[in-house]
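Notes for the one structure printed next.
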Amino acid sequence: MQPQSSPAPAMSTVRVVRNLVVLLVALAFVAAACGSDDEEASNVATSECGTDSSFDEATEPVTDLSVAIVAPSASQDLAFTQSMVDAVAALGIEPQITDGTFQVEAAAEAIRGYADSGVDVVIAHGTQFGGSLAEIAPDFPETSFVWGTSSETQGLDNVFAYTPAADQGGYVMGTVAAAISESGTIGMVGPIDAGDAALYVDGFVAGAESAGANVNVSFTGSFGDVPLATEAATAHVGAGADVLTGTAQHVVGAINVASANDIPWFGTQANQESLAPELVVASQVYHWEVVLADIFDQVEAGTLGGEVYELTLENNGLVIEFNGCYELAEDVKNGALETIDGIIDGSISTGA
Amino acid sequence: MLEMRGITKRFPGVVANDDVSFDLRAGEVHTLLGENGAGKSTLMKILFGLYQPDAGEILLQGRPVTITSPTDAIEHRIGMVHQHFMLVPTLTVAENVALGLPSMRRPFTDLDTVSQRMVEISDQYGLTVDPSIEVWKLSVGERQRVEIIKALYREAELLVLDEPTAVLTPQEVDDLFVILRQMTEAGRGLVFISHKLREVLDLSDRITVLRNGVVTGTTVPAEASLERLAEMMVGREVSLAPDKPPVATGRPRLVLEHVTVIGDRDTVAVDGVDLEVRAGEIVGIAGVSGNGQRELAETIAGLRPAEPGSSVQIDRADVTTADAATTRAAGLAYVPEERMKDGAIGEFDVGENLLLVNHRDPSFLRGGLFDFERIRLHCQRLVDAFSVKTPTLQTPTSSLSGGNIQKLILARELDSDPTVLLAAQPTRGVDIGAAEYIHGQLIERRSEGVAVLLISEDLDEILALADRIAVMYEGRIVQLVDRADATREGLGLAMAGAADRSPG
Amino acid sequence: MSDFFTLSVLVATFASGVRLATPYLLAGLGETVGQRSGVLNLGVDGVMLLSAFGAYWTSLETGSLLLGVGAGLLVGLVMGVVYGIITVIFQAEQGISGIGIYLFGLGFSDLLFEEMVGTPTPIKSLPKYSIPGLSRLPILGEALFEHNLMTYAAFLLVPLVALLLMKTTFGMNVRAVGENPEAADSLGVSVGLTRFAAIMVGNGMAGLAGAALTLGLGIFQPNLTQGLGFIAVALVYFGAWRARGVMLGALLYGIVAAVVLQLKARELIPLEASDLAAMAPAVLTIVALVVVAGRIEAPAALTNPFSRH
């Protein structure tokens, strides 16, 4: 899998803009794959700065199963939804997608619709869809539902659940953030104190505190309110934060504040380098494909659910993607790698 | 100055004007007389460009004109004072006058100039009103002045007044007539729409009567009488002054002591009213609406709480705090002011409305369910007895005429053999025939020993029916006199708040 | 708390509140004009989304913020024509029509974004413009006079909208048709034209609100407004259909939100209470709405289509 050079990006061609981000994310996979010859674990990757690269289009599909995704925000939100869409694409599968269903009722309609039309695996990508799923799944015993983030299957035997141990990557990045912060104050912008956002926040705070920095946390009460996230980040900067991080799709506003103030940023859920190419230090990226591959195998073997999968640093479902364009001191990065090892072998507790 | 020839206007299912001709000369008052629905307003809306006629033509100063909008009408110097005032309550008087007129200071309004000219017009006709005040703060009479000023400001030569006296006190009516005569003296032509015969005879130069969309005749006051006009309106002889046999009054059946009620706007609506109505008498409460009559009626009926210290007794039973059902059980029958809001349910059919108050009566039940045959017989009996004109018992009540709805309510209320009958505005908006019938019923009940409390804005009605008359002003009874001692002028003054405050 | 009650923090908080208030204010002022004419537009949020996308995409493609603002305004006006045709010419039920406009705006802006842009791409955001002299004022300078031009425009529009409504012939006609359209009609004021024009003003300002939002942030993403337009409609009630009232409402909402964020950034709100505190702006606004708006009546003809018969 060798990077090929792509045509020069032309802003007027909208498709290219859109693809660019896909490419950047893909690039990370490629880089991760390329790095695998130094026996380094593939839970770390570093993008190559300034390159425009493409990778081989789809790999061979890992399965013939038909797959559908129902997700609350846009497919290319550079956050939660995109992480799942990219993961399925990475397995060479072309899923049917209903995105932007921030209303649970609309999502429930879509989930039922897919199951009804005979889709083999329906991915209900949102904790809030659990209630609907409990009603729908028993009606379609032949369909496998994949639901997250959740750490339980609600006792339904045709539901797989998945959850990211977002605290792990959060912890690692917290230690890195503490190392580059001069003021010792880090600003965090989150949505609500629940789900993987809460895990990320807890892990990040624990990591930063273990390295002697303080994290001020703002939950805005919303996943998508960009103005609030922007003002929250602005308030953090005013309160002395010189490193920012955040989670949920509204962080696009906070990242702009980081850009405007030349402040380093740590991302999570998907790779956010495209939003601030010089300032994103690292992103914790969810690689759901690790668990999806297992789930598809199980479905093909006739098991439609009943198990909970967790993305961890250990199973490479969580990947810390460092930005090649951000010059991170070598010892800090090595410290991060040691922290990863420590989390995997259990010698470090993320506190979550 | 105006000639309308052969005007015909049809609405779905009804011919509102059928080949109607009407003319007006400069300097005269020409009255259009007719019952509700006779086609007076339709004819004038055609003149004002609000409706288009299906046939016929309009000539102004001898030239045929087409009037397709109020703007056209205004350009032709036609002004109209609508029955329901065409005023914007939240705008000031000057803004209401300026509305629709070009401003000299575009794009801004030029209210100073408007106010100045307004004051000139006001002075000329004695139409005093403050240009800078918002219309909602004005009294009804003042609002009407604003309407007239609006027309005069637009230099109307021909002014249509649609039921202008309906909302005025007798004194205000007198004032209005003075103003109107000044206008005719200045050469303007007035079309006066009314169904109040006395006023019509008082003011008109000529009178044209409409019935069911057709002109039944044109006359002059010198050749007309109240009875003759009523006959032209109704199409048969009517008795305007009902016979009232003398009845010996009995003991007090409705007693109000210091009744005080808070109104919808958290202000005192009824302020310490003392009144008793004896068996065999009709007590009339006169007054301009909005002076507490509605609140008083609702309190008596158990629909509105009275303040502590008040007392309402029906046949010695204290019903001050009783609900509507208990009050009814004590012997009250209630004909409410808003017949379609409080008196009947428009979507219900005639039979259902007749059964509204006694649907729990066990005689209508069989095995816990309605006995529909018995109910049908009961309703049919009431409809016949009170000559309610309805195609069937299943007809939706809202499709009946006002007079028939009122008869239906009366039938239901009187069926319970009440000892006290409270009737609020029982003939408002009702045709003369039905009014005659309702009046007859009130008198009949009085003869049977029922105590009747009649609340009405129509002074003629009060004078014709009541044995004693109370005048309400700002929540108080400001005058209480025997019919024999009452004069139209004295009552009118009291209604306007000019009476001695001590009742009696 | 001492951390919070320092001058610089209070000033920064106020400035933050003013920024947050800007799109609410623009949309609310426009909706005030519309409602005064008797037309309720529950589709403000949808109009804002479409115009925000239009402004963002234009800026992204041309690099010009000015063209972006123009595009936002244009999209707003186009939506005004649509809403005018629906509610004035076809006299459709306004509540349902507005929801239709909202859903259309939500879905169509999302579709356009996915098709034409794809992923949130930062653009140059509206620069701050310090007003010479005034921005040097102690305290007030930073809080009031270091904002982008759309914020100044929004606050400048407060007296202008009041002037439009209270002192111009058009404004008088608007108030008349919103209160008693029959009366206006009887004097030759065209109810339809007046309402249509008021809708155009309202939607044009919703367009500017969308532009102010996206260009102020320098980013767009699907459902960027998150229901902001609905709160703007509520603020019209809170503001008792007066420009100044709407401004106070928008500022209340923005400043409460800013205070909460500022307190969180300084760890003055415990993390456990964080979600609760995030509701404060909405809750306070609703309470204010109940207390204030309960006393003042809406334009009498609000939501009533007009026809002569």
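As written, the chain order gives the labels A, B and C, with residue 1 at the start of each chain.
Here is the rule we go by: a contact is a pair of C-beta atoms (placed from the backbone, for glycine too) under 8 Å apart; a residue touches a chain by one contact, two chains touch by 3 or more.
Keep in mind the model is a prediction, meaning the values are calculated, not measured.
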Remotest chain, subunit A as reference, centres from CA atoms: B
Centre-most chain [mean C-alpha coordinates]: C
CA centroid of subunit A to CA centroid of subunit C, Å: 34
Between subunit B and subunit A, distance of the C-alpha-averaged centres to the nearest whole Å: 74
Length of the line joining the C-alpha centres of subunit B and subunit C, rounded to whole Å: 46
Touching residues on subunit B, where the partner in the complex is subunit C: 48, 50-51, 69-71, 74, 80, 82, 85-91, 95-96, 98-101, 103, 106-109, 150
Of all residues in subunit C, those that touch subunit A in their complex: 8-9, 12-13, 16, 19-20, 23, 60-61, 110, 113-122, 125, 213, 216-219, 221-224, 226, 228, 257-258, 261-262, 264-267, 271-272, 274-275, 277-279
Interfacial residue positions of subunit C with respect to subunit B in the complex: 167-170, 172-173, 175-176, 179-180, 182-189, 299-300, 308-309
Of all residues in subunit A, those that touch subunit C in their complex: 11-12, 14-15, 17-21, 73-78, 82, 100, 102, 187, 192-193, 216-222, 224-228, 230-232, 234-236, 238-239, 241, 249, 252-253, 255-256, 259-260, 274-276
